[in-house]
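Consider the two complexes below, in which chain A is the common component and chain B and chain C are the respective partners.
Up next is the complex of A and B:
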């Protein structure tokens, strides 16, 4: 046993990250840390790493995930991830710490601390974490149906808290079982915080609804953690160099590429791109250009993404993204880009990159090409400084004072876009939109943000782009759908 | 030694499977590091699989609500047993075969067909959504793997005029099937990769399902499943080396060593492809299998038949 434990203690540490407010970047850095392996299922993890602050809506899902770690298990909290402070309205975190008194709080990115907790756990010096939740006795089945479970016949209803399948039409005109399922907020193949309520007919999605955004679940939860687009938002009040903006854009797109490659089963290639993003500078232009060419030619990726999740002009207009531009719109042939009319870019010979297919492949090539283009612009921009206040082209689209942020509009695309897709294609589609639930949550407080200049990107109104609602979110199952009794 | 006696046979097959699975894990980790551009630390690579196995052995088993416990335990055992049956049919050196039966490739094909049952049961047993979707994915794809697999093996049997793996190895004296039937090995490896749900054909345990059939497994169960899956991959590589790369034949070195080297090469190819090629869409693969792979396999059979006449 001693030998086994000693060998086990030197294995790569299987970690399941739970991403709270302001935690996304620190959580993604986990993928690059030596000696750590990020796993897809809590069942495979020994350590639960809570990154950033938890809102109240994230508390219950976090506890569900925690209790699915088989043990020996321990929970780490990286509170200040991305600059947020522990007492920054983190009610959910306080509740978590109350429920799990043995949570270890360390500095984000503290590999040594993480490995030490793991070693203590395996050697028995640290006891395995106790369950956060107690077993719930569900009330006896009630309602109609011969088994009193609330549905009809053998179908439907919610016996013992588990929704049963109902019959529904399928695309071929047959009546088939449709299982209601809530997936999120920590489903690893989706952006953190995304909750989708779907009906599953086999592995085909029917009737998709976006759940409440858990990053903004209570009036007290102010999601002001730094976003991945923080630098772009800061241009409202701050002068920045064009070079800094463009390197940040390239880094953003490379991070997205890394996540996307991982989603397509290419974890090792994802790691290489992720490492490149982390240390990115203007000098990496040739590397990024070569990467963009390679990804554009990659036959496997082409087969996995072409024809999947087509966003056409009508869909863009319906949710209002035609006003934001951004890679999703440009990949569908809409050449809107705030940089076209930005005086700071006037001498750089900027012309937007455009693809026309509007599918996941076009979006992949779009972002890869824009990353390369951004570094090329950064190289040419030299010391050009961009004055504050003008609408700026962010990595997801135009950011302008008093305008909703692009993620809200992108989120509104999902229900129509995913309906009828096979599960794998739906995951590819969601990933291809580069959603950020924190940005969408922040959106609801956009009116309180300082606006230095007036006038939106195209003078458009703010209607049609606020799909998420506020209020306490119903908590639901976490990434996997079963809880150990 | 009489390798077809129960004890030596089990020991031989078990050794090949475990050693092969270990080597495949080391190769996999090494390929991942190369592709990721991280330093290749040989010490860590060599110790990695043992440490990982030790950790999984230390992690507790977990269960779900109302699982089908018997079939859950059966699934990896079934996969491992079928890999064992497959390896048993292959002569690993001159005269060293556990069961070089007259219809060896038929037995191999049958064993590989039962892999589908194991993969489905693994998805079914945990009574959870994503594993079940993963299990059905494998069922949807299994025929698309098994058809080309059976056809290229039949083509390889034609020049030998025998279904015995030993006879097929003998028939490659002077000219390996990889040259004589250039379509055979690539098709065989694609099908084999699918049967071990590896790399681009790992749809049933894919990242888009958070691990598919294995989502709910923890600790020893996870270890058993990973081992069983590696065993299938090893069985495919061993059979590929025998049927397409001339088996134990080769100059200078002992036959067993040639067999090991050839198996290693095939494992390296499969593992390398796994890190380079994106996961394929289910629907697209079925279309490609029936519109391209199976017709190519038929061409392989007809061409080999014409040559054999």
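Up next is the complex of A and C:
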């Protein structure tokens, strides 16, 4: 047994990441760490890694995911990723420590610590993590009804604890069951924090609603971590070189590309692109150009993304995204780009890259081409410095003072875009929009970028475009209640 | 009986192996807790049972398959007389297949081959 557990302790560590506020980058870095395998379901994981700070809305999902890891299991917490410390007084953070007493707190990216916890766990030196929820099924169904499975009558009661689905119209004129599901916030194919309330008829999505943003559910849940567009947001007060901005843009698009390739099941390519993004410099321009060409020609990707999730001009105008521009709008033929009128780019001969199809494939090619273009601009920009304060073209669109951030508008696209799609196409579409729930959370908060104006919270102007939840509140009646210590 | 002895042994051994694989782990290992039995939805809980009736969208494809499967039946007698009849048989079969091909192109155009339309 000793030999066996020692050998098991040296195996690849299956890790399921739970991404809190500010944790996205550190969680994605897990993919590139040697000896670690990021898995798509807690059932396949041994370690749960909580990255960043938790809000109260994320607490119950985290506890449930924790209890869904089969033993032996352990939980690591990397609070530093969100710029938070264990004692910064955040409510969700205190609750996490109370709910998961066995949590090991380390610094983000501490691979050695992670491997040590895994080896200790498998050798039996560390006990398996205690459950956070009580082991009770709700509602009660065992022994209920004539056959003891909770069902009775024509409509079945609550077989195995749950009512049966209601019927709804099918596109072919049939009345068929529509299974309502709330997917997220830790669903690996979604961006972290995205909750979608979907109705499923077979594998076709009907009636999609975006759930409350868990990064911003209660007053006081301020996003604290740096956004992945932090450098672009900082340009309001800070002079930056054009070269630095453009390399950051290329890195952003390559990281998106890496996530997307992984979503399409191309893990090895995703790994290479992710590593390239991590060490990106101006000298990588030929590599990125070759990558963009190869991706544009890739027949498999083309088959998976062509004609999927078409965002047309009307949809863009409906959610007000035509004001933001960004790769999604440019992939649909709208040539809006803040760099066109930016004096810092005047001598660089900048012209926006445009695709016209507006589908997931156009967005993939758009971002790959923009990454290559950004490096080419960075190469030519030399030491050109951009003065602070002007609207800047961020990786998702224009970041202008007193305007909402692009992620909110992109989120508002989802309900219409996903309705009627098959599940696989829906996943492709969501990935192709490059959503960031933290950016959207920042937008909904009173501290809308750049700053609160005297006229009241500028974030209020976005509530029209901001998605609202039609589902139950995240803290609604839980099937399993917490263990009271 | 002797020729079937080995088969009986294999079937019995296979059945025992399947039953053992089915019953042994739950009997020996710990029982899954209530949270472990909940399907993984990214941190949420399904509120409705997944026993639902949904549209089997491949029925149109299944009908098309049957039609072209029957076409093959006509090719068996044709293959028998093909050598004797020669080029005439070839031309006749090409005409037959062309007509069917037009049918599949029509079905394609009408969207019968798309999974969810």
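Note that in this section the second predicted complex is superposed on the first by the 413 of 485 C-alpha atoms of A that agree within 3 Å, B and C clash if a C-alpha of one lies under 4 Å from a C-alpha of the other, contacts with A are read in each partner's own complex, and residues count from 1 in each chain.
Everything that follows uses one rule, which is that a contact is a pair of C-beta atoms (placed from the backbone, for glycine too) under 8 Å apart; a residue touches a chain by one contact, two chains touch by 3 or more.
On a predicted model such as this, the values are computed, not experimentally measured, just so you know.
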{"item": "Chain B versus chain C as contact partner of A:124, first or second or both or neither", "value": "neither"}
{"item": "First (chain B), second (chain C), both or neither touched by A:136", "value": "second"}
{"item": "First (chain B), second (chain C), both or neither touched by A:195", "value": "second"}
{"item": "First (chain B), second (chain C), both or neither touched by A:62", "value": "second"}
{"item": "Partner chain in contact with A:204 - chain B first, chain C second, else both or neither", "value": "second"}
{"item": "Chain B versus chain C as contact partner of A:286, first or second or both or neither", "value": "neither"}
{"item": "Which superposed partner A:187 touches (first chain B, second chain C, both, neither)", "value": "both"}
{"item": "Touched partner set for A:428, first chain B, second chain C, both or neither", "value": "first"}
{"item": "Partner chain(s) touched by A:4 [first = chain B, second = chain C, both, neither]", "value": "first"}
{"item": "Overlap of the chain B and chain C footprints on chain A, listed as residue numbers", "value": "41, 43, 68, 70-71, 162, 179, 181, 187-188, 200, 202-203, 422, 479-480"}
{"item": "Parts of chain A lying in touch with chain B, wherever the complex brings them together", "value": "4-5, 7-8, 10-12, 14, 34, 40-41, 43-44, 46, 68, 70-72, 122, 162, 179, 181, 187-189, 200, 202-203, 261-269, 271-272, 275, 298, 300-301, 303-304, 308, 422-425, 427-428, 479-485"}
{"item": "Chain B to chain A touching residues, read off their complex", "value": "31-38, 47-48, 50-52, 54-55, 57-65, 126-130, 133, 136-137, 199-200, 202-203, 206-211, 214-219, 222, 275-284"}
{"item": "Footprint of chain C on chain A - complex, ascending", "value": "41-43, 58, 60-62, 64-65, 67-68, 70-71, 131, 133-138, 156, 158-165, 170-172, 174, 176-188, 190, 195, 200-204, 420-422, 472, 478-480"}
{"item": "List of chain C residues in touch with chain A within their complex", "value": "30, 32-38, 40-57, 115-117"}
